[in-house]
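Chain nomenclature is as follows: A, B, C, D, E and F, assigned in order of appearance, with residue numbering initiated at 1 for each chain independently.
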Amino acid sequence: MRVTVSRKAHFNAAHRLYRPDWDTAQNQAIFGKCSNPHFHGHNYELIVSITGAIDPETGYVMDMKVLKDLIKDEVEDAFDHKNLNEQVPEFKSLNPTAENIVVVIYNKLRPHIAATNDLEVVLYETPRNFVKYNGQ
Amino acid sequence: MRVTVSRKAHFNAAHRLYRPDWDTAQNQAIFGKCSNPHFHGHNYELIVSITGAIDPETGYVMDMKVLKDLIKDEVEDAFDHKNLNEQVPEFKSLNPTAENIVVVIYNKLRPHIAATNDLEVVLYETPRNFVKYNGQ
Amino acid sequence: MRVTVSRKAHFNAAHRLYRPDWDTAQNQAIFGKCSNPHFHGHNYELIVSITGAIDPETGYVMDMKVLKDLIKDEVEDAFDHKNLNEQVPEFKSLNPTAENIVVVIYNKLRPHIAATNDLEVVLYETPRNFVKYNGQ
Amino acid sequence: MRVTVSRKAHFNAAHRLYRPDWDTAQNQAIFGKCSNPHFHGHNYELIVSITGAIDPETGYVMDMKVLKDLIKDEVEDAFDHKNLNEQVPEFKSLNPTAENIVVVIYNKLRPHIAATNDLEVVLYETPRNFVKYNGQ
Amino acid sequence: MRVTVSRKAHFNAAHRLYRPDWDTAQNQAIFGKCSNPHFHGHNYELIVSITGAIDPETGYVMDMKVLKDLIKDEVEDAFDHKNLNEQVPEFKSLNPTAENIVVVIYNKLRPHIAATNDLEVVLYETPRNFVKYNGQ
Amino acid sequence: MRVTVSRKAHFNAAHRLYRPDWDTAQNQAIFGKCSNPHFHGHNYELIVSITGAIDPETGYVMDMKVLKDLIKDEVEDAFDHKNLNEQVPEFKSLNPTAENIVVVIYNKLRPHIAATNDLEVVLYETPRNFVKYNGQ
């Protein structure tokens, strides 16, 4: 009997889509206004979901307070009010598309989740665009 | 060809997280302010999803009005404006965590859903915390 | 490593639930007020999700602008501000239930999505009723 | 000491924007695709707000259950799953723009609200377009 | 030139509608299931709005972090995960209707807001029922 | 008889809170992490409201398509995917707080609105923080 528990969180950040090995024209052709060299930004909304057995002692799959604190330590403190390209090491050589950001977040959280539990991360870049990754 | 149909519903209830076989200090240590002996409460939002084949006669997987009435009979009438610990029999000896509530709701609905259809229940305890169960 | 990218869109349309081979009484008995011969309508909200590998060059599973334009060409231009029963060819002989609409949308989009990618379509008929189809 | 109490409700309806004293070309020029002769439709969301003194006996400005029932009787039963142009008498000779609908709803509700209380009606035609009227 | 700044917050609480000077039958007749003696509960959502001149030095009407901390100190710490009737002094002899709660919150916040600024408080008891008070 | 019509729009932008005549320590003391010299960003959501008489010919206060295009020309094209501090002339010497942004937007739109109509602008910097300005 496996239940999924989910927690919403959020962070605000600046970014641009850009490959340093492409010239300006090619970056502009592929990434359009998202490649603006002065950056733009988003309110990223995050949903982290853990699937596992209910602990019969507590009735919890995972204590939501522990999950909330984990997201704060690993994601919010690292990304909030930051420039992803300039200030977050994972994106020094990785283009911060929503797809790449959600994989980075998954990889930061995965070691802190019990091995018997599954992890899925949903990241809203805007209320209209979002991505999902579950490690598969 | 299987399609999923989903219906939202809601109920308001009081609860506390608590194990009678633990003393106050242990309940407080594990459940924190959720263990307040005077109770607190939530607007629970519910999404019930049925997956199955489309009936070629009606174009329905399941008539939404039937599903709406089923949720009212089995969940809203039983839980709405109630104290889950004190007034809902399923939680007399079961801690009303979101995880346990979603399993109880699933088990109340499952017998009323066609055996060839799948059932999934999502329960929002707050807009930021939610759980999901599909019987597996 | 497969990631899902999702895009929201919307259209407003009129419809009625109705089978021409049934008489008025039978249509009314099965479809209730949804069978009103003068039609009623909805703001349909749509979520189209594509699952596939991240292109290591761009960091995209699929360019969201391309997906946005595809939804506009195939769905919004065909359905928006239309009477589904009267003006959309797919529903000339198919009852426009939410279930049938979501399958039609899936079938319109599927040929335009890379064969190695998966497609899922969610359609909200109202904020409280929605359906999902992924081709299985 | 005046407090405002608000209640949300909703109805689904078909309509078209159209003046019978204009020809098709003029209707099309002014109302665009909203003038489609086959109709289109919306999920209208409604917020009805009453401002007045708190009754010291009950702690209510107005009993929300009474307000909910009033909206059902006067608005939902009259408009839901209807074609506004064809089936709602108020729009036989009045173009059902959002502005005109919100004034009609206000005028239907106003006689049932205590004369010492203020009434305001907000009507969402879509999640992105809405109108407000308070009788002034 | 006056601008309004608004901040959302939330708390979860149990309550019942009840007058001790009425017998059970009268409480039940007026307050219905909201008078359940075992309590029920809500996720209250709060919007606090301050209207005033923009400080030309900072570009702020009021620092949002200061407002966020004020709401936490005066409202969230006092009400969150509490039983309003049993544990919040203001409701020892005041029926905790949404109307009375919003006035209590206003009165707790008002002394901490600059006298030249206006204050308005909106309180959602559910996503469908809400109240507003601005001291007039 | 005056009715308000409202239209939602959105843009994504980077910014920092910063006064060039203050040193880094003072900017940091007053604006905290919002003063990060590498910028951060937001999905700004905008609600533009026009209040006026209903034109008896059209049933419109203002054609929503005209309002939508006006917001696109004056606000979205000027701010979307931009760095407000670096690329938007109005903020060359004005700190881009939410308060200052909403006044700038109001001033850009006001000349295009009929003099007999009122204008109000609401700007969400995040789903939890928003500001409002109506020219008074």
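Convention: a contact is a pair of C-beta atoms (placed from the backbone, for glycine too) under 8 Å apart; a residue touches a chain by one contact, two chains touch by 3 or more.
Note that the structure is a prediction, hence the values are computed from the model and not measured.
Enquirer: So which chains count as neighbours of both chain B and chain C?
Expert: In this structure, the chains that contact chain C and also chain B are A.
Enquirer: Look at all chain centres (mean of CA atoms) and spot the one farthest from the centre of chain F.
Expert: Taking each chain's C-alpha mean as its centre, the farthest from chain F is B.
Enquirer: If you fit chain A onto chain F using the CA atoms, what's the rotation angle, as a multiple of 5 degrees?
Expert: Superposing chain A on chain F takes a rotation of 180 degrees, nearest 5.
Enquirer: Taking all residue numbers at the chain C/chain D interface, are over half used by both copies (same) or under half (different)?
Expert: Over half of the interface numbering overlaps between copies: same.
Enquirer: Comparing each of C-D, A-F or A-B with B-C, which pair has over half of its contact pairs in common by residue number?
Expert: Of the listed pairs C-D, A-F or A-B, the one copying the B-C interface is A-B.
Enquirer: Which chain pair is joined by more contacting C-beta pairs, A-B or B-E?
Expert: Answer to which pair has more contacts is B-E.
Enquirer: Taking each chain's centre as the mean position of its Cα atoms, how many Å separate chain E from chain F?
Expert: From the centre of chain E to the centre of chain F is 29 Å.
Enquirer: Counting in whole Å, what is the centre-to-centre distance of chain B and chain D, each centre being its mean C-alpha position?
Expert: 34
Enquirer: If I count partner chains per residue in chain D, which residues reach a count of at least 2?
Expert: Where chain D meets two or more other chains at a single residue, that happens at 127.
Enquirer: Which of the chains are touching one another, listed as pairs?
Expert: Touching chain pairs, listed by label, are A-B, A-C, A-F, B-C, B-E, C-D, D-E, D-F, E-F.
Enquirer: Under the definition above, what is the set of chain B residues touching chain C in their complex?
Expert: 1-9, 49, 54, 57-61, 64-65
Enquirer: Inside the complex, what are the residues of chain E that reach chain B?
Expert: 10, 12-15, 33-34, 36, 38-43, 45, 80-83, 86-87, 126-127
Enquirer: Residue numbers of chain C touching chain B in their complex, please.
Expert: Its residues touching chain B are 17, 19, 30-32, 94-100, 102-103, 127-133, 136.
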